[in-house]
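Lettered A, B and C in written order, each chain numbered from 1.
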């Protein structure tokens, strides 16, 4: 049995910023949703179901917030589903939304993901002191820094590969008016001299903490064909999970990520991702994750991801053949629960050809990627300008 | 005529919730041992890997870990980071080293502090040993170990980290 | 729409405090039991896994991540999670099967409500600017709803007491029930009120536990060679969060979901309703159009034990059990979320 065709027909985002003082949580998600509806030239009545995602409820202190957000998202009388798969949730939410249409159960759905980090303290929520355990969890960076160190040891990558990514993604972000960090004049020296937070992660090699929301309208083939803007056809969808810790787990190059990529490529008919894809929006919250994921996702052989980075292959500004994160990525904007969906939506923008100044010229096929937990939950999709 | 007022941009609404936290049956057995100054792991009946701290199951196999194994308080550095920012609610002053350590006899790393070392000289494969708090301060907590410090033993090759027997490392 | 088969189901005993058990220790035994029913080894033998849980019950972010440790997810598996009752995890899993990306799915829900103060925790589901700071707990809101029903003459306190009495008596035959007993409506009415007009017995107890289910295509069910029942309809609907805008004496979203699921297309032999308060069962019976021919909550329902995040899935499982036991041919299961029945899911289960 084949999944029904589905496509993204509307995309809406908010401006990403440290604190959105001017809107409530409901106002934030509604802003993204209204933008997506306007992009699709639709109204609330055209939506059959709403699928919402965000990272842990403790980030804002609202328990099961879909209950409170039902009104802001026009859900009265409609089905509404809340997805939570840690940091990958924005991606997973888009996939669950797509499955509403791909299963033939719904014709057109709205999906939204958000985080309003300014309403609480994410670092606290990630490190709630629990009795009995050592209280050493210094946020996500403290967890991922040793894994990055192991990657550097294994691959022999030059010390400045991470610095290069930090600069590259900020230059990309300077082309994207929605990006939180706007650093058009950033230099390698500036990144290198920035404060070392969790060695080897420097301040400018880490993502910011943002408020923001992202929304998409996903429709079936018939409705997508009538859509006013070019649809982004969903050509492959995949999710994989593995445990946080088990003996012999490869934390640097997790099997769940490799398997997930293999699955989504198979569906989209991709045999060589670097050649077959035109660009990728990949969840890179710490700069070193670009070379690591280049290998994990099969864009480079193991141990050689950093070479693509250093050669400028992933850079729009250097005319690279496979731009990664033309939007500026998570290194420029990180409303955690939305970050995955932003990757998926930005991939869709690329193949619709409406990515503005960060458009990859002639993009026809793009990857959206999200990961979460201890790099153990993965969600990916491939979208194309053609049905395939 | 109404007076212009600044818009309300936020309200304080603190949330206090009280929980009676329980560690779990398998972690409780581990904590009872560390209360006595003994590090223990639990072995998976299927794949035979030894977990520390045990969390109730072998995550790879999805089965309960019943058999308890006494481990050494010597360990190997699997990886580490030098942290330059304080942890919320923790008195440790930066910079300090947080390391993934594998105790001899275990197959999986746990997170702990390293000290009595030159931060710049810490490296993957380095041998370390627990520095315990005075016995009268021991509680049901990993904090009974104040930190790990380097010991004068040869480095463990990367491919052998996580496979050492409880008897230790001969070099 | 393709019919989907339920092939295995198990629920732990509902207990007021499961003690030292952590999430993974709570989940493993129910998974082991559904694997045993099918003769499979672990989650590697199904195509998709989806769970339902809520971090705030235990008070730690990412409670569901520990759940993955119970699955044997090496090599990696296709897995997802909803921060909702596991009945919605079942919904997500059905979409996965219907889109052809899975033939079978394992669904589980778990909740350890005993560590916190559940009605207070649930107060933080409310609008965070206007309502949550008032700490309006779930029992008080339900009590206001009951008051409206009583004052409108829609129900009497005796009607509510009879719901409780039937629950306790039915639960005598349910080995997993937390509260059971040969109690009459008069016995209930003799109790003092707790949060007026509710008596303690009108409110579901706080329980710890988990439940799990395996669903699949009909072809896969035949291949497994076990008795199965069919999910022939499912739908869920949300309502406004603004209680002042809702008719609290009715459940409009349940009516819509029942219509979408096709409840009216045949006789309903059994109904398992997720009514955490006695008066809500009466609202639901009316919204679902159930009559005397329907046996309501033969398990005792959630008044006999309420596994937060699993009770909705358990309702479906209880109907499955009745059908497999030959006690019913067609039944409906209901799940709810939010204050005063804000969000409702209805499933129709039929004999294969």
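Operating definition for what follows: a contact is a pair of C-beta atoms (placed from the backbone, for glycine too) under 8 Å apart; a residue touches a chain by one contact, two chains touch by 3 or more.
Note that this is a predicted model, so its numbers are computed, not measured.
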item: Central chain (by mean CA position); value: A
item: Between B-C and A-B, the pair with more C-beta contacts; value: A-B
item: Mean-CA-position distance for chain B and chain A (Å); value: 30
item: Computed distance of Cα centres, chain C from chain B, in Å; value: 38
item: Interface hub residues of chain B, defined as touching at least two other chains; value: 13, 15, 21, 23, 27, 59-60
item: Contacts with 2+ other chains: residues of chain A; value: 61, 130, 243-244, 246, 249
item: Chain C residues counted as touching two or more neighbouring chains; value: 56, 59, 68-69, 71, 73-74, 121, 124, 128-129, 132
item: Interfacial residue positions of chain A with respect to chain C in the complex; value: 1-4, 24-25, 50, 56-58, 60-71, 75-86, 92, 96, 99-100, 102-105, 119, 125-126, 128, 130, 237-244, 246, 249, 254-256, 259-260, 373, 376-377
item: Complex contacts: residues of chain B adjacent to chain C; value: 11, 13, 15, 17-28, 55-57, 59-64
item: Residue ranges of chain C in contact with chain B within the complex; value: 19-25, 28, 31, 42-43, 56, 58-59, 66, 68-74, 114-117, 120-121, 124, 128-129, 132-133
item: Of chain B, residues touching chain A in the complex; value: 7, 9-10, 13, 15, 21, 23, 27, 31, 47, 49-51, 53, 58-60, 78-85, 87-90, 95, 98-100, 107-108, 111-113, 124, 140-143, 158, 162
item: Contact set on chain C toward chain A in their complex; value: 1, 49, 54-56, 59-62, 64-65, 68-69, 71, 73-84, 88, 91-92, 94-96, 98-101, 121-122, 124-129, 132, 235-242, 252-253, 256, 337-339, 342-343
